[in-house]
Structure formats: C-alpha cells, structure tokens
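Following are the structures in question.
What follows is a pair of complexes built around chain A, which joins chain B in one and chain C in the other.
So, the complex of A and B:
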C-alpha cells in the first residue's frame, strides 16, 4: 500500500515512493530507505524528508547512533594503539582516531589521551562494514574547536534531540538558557552533550534547567 | 563421507599387507616386512604400471586432509571475503587451481595488492565486501595467520557477489557491478572472466 509524501510518521515496511511513476529521474536515497524492485521502502521509524531536487531520507531519533561522514560527534577514548586511538561514539563499532589527525600533528607530539578522555571530532570515513574513522582537524587542516574537552559534564541524549539543539536558527532553549547563565556547550550528533560553566554550581544549574525543560 | 576411490577404512598402524607382495604408496609406510597405514583414510590398491620391473601393486590410503589441495605461491585460488578493513581484506580460501581444499586456509589481500595501478589510492570499501567470491593469486605463504593473496591482474578480482538488496551483481566494467533486481550500481574490483 503506497502512502503519499506527508508529514505523517513512517514505520518499517511502508512503501513511500513508486518508481514506476517516476521514470527518467535520478533520486538519491539517504538513511533509512531501501529499494525493493519498483518501490522505495522505509526501514526505520521516522519522518520522510526531501531535499530538493532529488534527495530523500528518513529522519528518525534513537539513542543509538549510525555513523555518517561529516558528522561532528563526541567520543570517549577506550584504548590506544600505535597508530590510532579507539573511540566509542555510541555506534555499532568503535571508531579509529589516527594519532596524527590533529593540527600540526607529527610523530613527535602525539597527544597523550587517557582512557575516558572526551573528544570532539568529525567523522571522516563511515560505512557499514568497516570501523569509522575520525579526525580532529577540519577540511582545511585547522583545529577549529576539535580535540579534547576538559572539565565540564557530559550526558547522553537521543540523536533527534542533538539535531534539534544544532538546528538553525538557534534552538529556543539554548537562547533562553544563555540569557540567564553563562556556559559553553558542545553537542555531538551521536547523542552526547557536554556542558561547561565557570563554577560547578553553574554547571549544576545549567543541567538542572536543561532537565526541567526536557522532561 | 566421500570415498575418493578407496575401499574400507583403515587407521594408523593398521597392517595393509606384506612388503614382499605390496609397495607402500602415499599414506602408508614399510616397517620391516609389513606395510602399514600412516594416516586415517580409505585403502586403495593401485596396480603396477605396465612395463615396470617391479610387479608389485601399490597400496595407498586416500581421503585424508593432508593430501588435499594446499595453496602454493603462484597458484590461483578462489576465496570468499570474510572481513574488509581499512588496509586489507581477509578471505577464506575454498579452491586451489580448481580443486577444493579439505581444510580451512585463510588468505589476506593487502591494500597494495588489490590492483596494479595507483595502489596508494585504493579504497577497500569500493573493492570488496564481505561475502564476495574472488579469484586471486597466492603471493607467498605469508605469516602464521594467513597466506598473502593478490588480485592485481585483469583476470583476478570479484567473480561473484550479492548486492545489498539481495540480488546477484552483474559486472558492467572493471570497477562496477549492477544489481539485477534493483539496477543499483556497486563498486568492486571486478575480474575479467573470459
């Protein structure tokens, strides 16, 4: 049974596009969609989104993260190897962060991260069969806020909430919090948020107000 | 259990005959006057070749895995890819020179052995996926864990693969294969099969 492209929520198995009605077009399928002979079916629960001209994907919110390229994530170091740090990013596999993927990184100044260090990084390579690869430099080679996050407090959220916090224009809850308190915040698209404030009391207030709003 | 042309089952040490009337072939040995089996398998008698001075027939013990095909450097193998990583892919060797192996051998295709040109720009994800059947050449015995395999020739590479939709992939060029169910194109290092 075909459903039209609406704002209704989709569930796995819904056929959302009929390819026989869309001949001579190229469409790009993003996350959560697969082709089943002549129809496009949904493989998760969420909303179908279209980005003109031809990209379709499923926007869903889970506690688990599926790595995709160019996402900025918050990871926790779990092990060190000669060439890579092994970082947990709440995905199906551990991610590799090369020891040289830092600004001005050479064999002589490899950062010493202990187990449990929080890192803000971006995903460079991600596919279904290999471990994802991260980097702490942006595309031009500059550090650009990537790297270790010291002090502060980190907590888990769903991926949908992370996306909402990062949406533009600025999310209303962040604006409201910013008027009352001063803090810095880092949001990972993998469902992790880090907050830091000048005093522990401020951190507590930030997190408390956050939780009051969220729950 | 396959018989491979043999008769009844014998075990190591079992007496196969007298060395005056029988020669010891593979899987058997002569111990003084008697000929005994050295491996477990099926006993088979091979008559002496016509025109040889020795009229005794040879007894062999066949069916043991030590006599199965073993990959040697320079032999072509058919393997199934099991794991793909950033710098190499692991594969289970299934056939050596069109003979099936009797025990498990592991092969490894390194990034620099996938193809002959631009070997530092090879993306393993666009060359192999787990489950692909590949034709490869054994480079060397490798290390304790795996043989080193290479697909750096036109006739080597992915021979048969399944798409993410579950259909069979049909080769359309040396880097692309197309799913027959959905028409989606996937990248592989394709073997040019004559």
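So, the complex of A and C:
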C-alpha cells in the first residue's frame, strides 16, 4: 500500500528521517536515499514515497535509467559475445543478456540477434558495481511476453512518463487511444516505448495522438 | 554616505535570476542559468561507462569542458574547468557509479560579471536534472569589496573592473532537517562551511570574512530559489 508523505518534494541534501527518533526499527532504503550518520539524506530531486511497513524511496523522473531488479525494460542490442548479448538500456553501464536466458534455450538454438534489435526483457541482477543482467524468461521459466519486438516504432520518454503509463488502474491516455485505434504497446521502465499497429498509418496516428497529449 | 551602484542596486541586492529546465533535447540534463545579463548554459551527459586513463576506477570521474562566448580556449578557460571539476567532485557522490564518466559542458552565452558563480549554479542545476546523485547543492555568489570596506553582492562586469578586489564563493545549500531540534538551525547554518573560494586582488582578512558572512546570507536566498526551481515538474511526469 502506497501512502504519499505530506513532506514537500525533496532536494539533494535534505534530511528526511532522523534515526535517533526511531528506535528499534528496520528501515529499507530504496533509490535516491543514503544514510549519513544519524539521518537519512536525499541524493536527488523528487518525491519521497513510503511503502508500508518500512520501505522508503525517492521517486524522480529522468532521461536516463538506474537499473533495479524485477524491472521490465526495452533494450537495444549493441554487440554479441559468445555467452551474452550486450544490450543498451539507457543506464550507466551496458547490460548482459545471456544467450541461454530464453524459453527452451540450449546451445543449439541460440537466437540470432543483429545489432539494433529491440528486446523486451526483465532485469535480473542490478548493482552499481557490475553490469546489470537481463533475462527473457519470467521467474517460472516461461517466455511470457519477453523477447524480440519486431516491426513497429520505438521512441524515448522520461522514466516518470513510462511509470505513469504502467500505473494501475490503466492510464487514461491508453484507454482513450484504445477506444479509437487498435495497436500493440510495450513500455519499458527505462524510458522506452514501442508501438505497433496493423498499418503504418495507424502507427503514425497512435504516436501523433500520444505526442499531442504529452506535449 | 551610502554609495549607489551603477545599476541602482543596494549593496545586498542580487540581480534577477532565472533557471530553465532541460532546454537541450539531446543532453541527459541541462540548465540555462541567468543572473542579469550573465547567462551560462550547462549540459550534462552521463554517467557513461569507462573512465579516462589515470582516473581512479573505484569512483565516478567528472570531465568539464568550458566554451567561452568568443575567442579560442586558453589558460583562463582551463582554470575555470579545473575549478569547476574540483567543486563538482566535492558535491557529487562519486562512489555510487564507479568506473563511469560524467561530462559537463558549459557554454557562456553572456558575460556581465560573476561568471564563475553563474556557471557553478548552472552546473549544479543541470546535474540535478540529469539525476546524478549529489550530497547537497552548491550555491555560488560573487562578492566585491569597495574602497571603504563595504561588501557588494553579485558584481557586474563594470564593477569587477573597478574594484580592487572581489571573491567568488560557493556554499552548500541550506537544507531542511527532519528532526524536531529546530533550535539548532542557526548554529548549523554557520557551521556548514565553504566549498570553493576564488579571490582576485588584495583584501584584508576582515574584508574576506565579511564577504563570507554576506555571501552566506545571500546563499540562502539563492538556495530557496533553487529549491523551487528543482521542485517544479515538467508536464507528463508523475
């Protein structure tokens, strides 16, 4: 359950929690927060969010993405290695997608992705020191919707906008568009959106209508 | 008798400020900071993987490029780059993304005095818009010392050329505290310290400390302005 704290939007350096006033509690710190002696300080500009019972994080919107585990992202293949595909997910480092991380993946049926292929994947490992790792299977081992996205059109957005498109209940923009046009859409939390429709004209219409709304 | 400055301001009055959020489409974060007619455009790209040779791979490295309004790049520009790099290194959290490079590119659009403070403010705003993790903000102010020891803030170009000495000072921003011990606020403010100090000309110790005091008081105003600018969200963002 999410509750919005009544504190105003934060700026780097603000101390948001005083640990001396909270005794015997475990607090989980998410993105954008760090501990400085007795206080928890904010490292960026954004809104402080709390997920009960004890998880805090800073919600902000940028052009670039900071990888975190279990996020679904849209990546572009930039290189192939014997064991991994190197995928650009708009983060500080390139991500690795193991060649076997596909449903029924064996050494014999490794997918052939060229440079520039668009992939819908989920983040499996993400820490600041190593390159993040992706996977095209979900936790149970099924392909779900992951894998290569063919045709269609891909464009960049901010991370805040992609979060809004993925919010539940369904974002009103997507609902309104769905009533007028038929299209397929994949949203990556790293600020990338892919749209596909039966004819190129419909794709153009979808993107145009979306952009008119957004700007 | 109180001297009135050439443009009619009081000694403590700053020129009107403005900060534009992300004017550049391609840059990962950018800011256009204007103080009167001094305008600087800062663009931030990064973090990008890999560091230059000679830089510590356990930390993020920051690269600064200064582009003057006219003329070729010379020693003055290199000095500005070095000052900015050191200032930014002290406000950024360098251990969050090790082995990456963040590039900051500054373009001087207009120069009417207090150029370095304007550039530092622009850089700081651009870093926040790009999402680079920071310990706190850097707030910069230019102070000049008149003949009679009076301190004037936010010097213009004409004033800088006439004064015998002036200083550019950078302070950390005034922060909100979550604790209920609000009584200690005043003491905390004066103990925050100075990040960078560049002086030109000769001034006495007393004048210098005077500058610091006045600068600190003014920095809280600039700090509040930065706070409101950084909190405004672009449309379409959650």
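Some observations on this one:
Here, the second predicted complex is superposed on the first by the 209 of 215 C-alpha atoms of A that agree within 3 Å, B and C clash if a C-alpha of one lies under 4 Å from a C-alpha of the other, contacts with A are read in each partner's own complex, and residues count from 1 in each chain.
The rule is short, and it goes like this: contacts are C-beta pairs under 8 Å (C-beta built on N, C-alpha and C of every residue); 3 or more make two chains touch, one makes a residue touch a chain.
Bear in mind that the values here come from a model prediction, so they are computed numbers and not experimental data.
In the superposition on chain A, A:59 makes contact with chain C only, while chain B stays out of contact range.
With both structures placed on the common chain, the touch criterion links A:186 to neither chain B nor chain C.
In the superposition on chain A, A:78 contacts neither chain B nor chain C. In the superposition on chain A, contact is made by A:133 with chain B only, not with chain C.
By the touch criterion defined above, A:34 reaches both chain B and chain C. Residue by residue along chain A, chain B and chain C are tallied for touches, and C comes out ahead.
Counting contacts as defined above, chain A residues 34, 129 meet chain B in one complex and chain C in the other. Of all the residues in chain C, the ones that touch chain A in their complex are 28-29, 46-49, 93, 96-98, 100, 128-137, 172-173, 175-180, 226-227, 230-231, 233-238.
Partner chain A is touched in their complex by these residues of chain B: 84-86, 124-125, 129-130, 164-165, 181-182, 184. Those residues of chain A that touch chain B in the complex are listed here as 34-37, 96, 125, 127, 129-131, 133. On the chain A side of its complex with chain C, the touching residues are 8-18, 20-21, 32, 34, 39-41, 43-45, 59-64, 66, 92-94, 128-129, 158, 160-161, 163-164, 167, 214-215.
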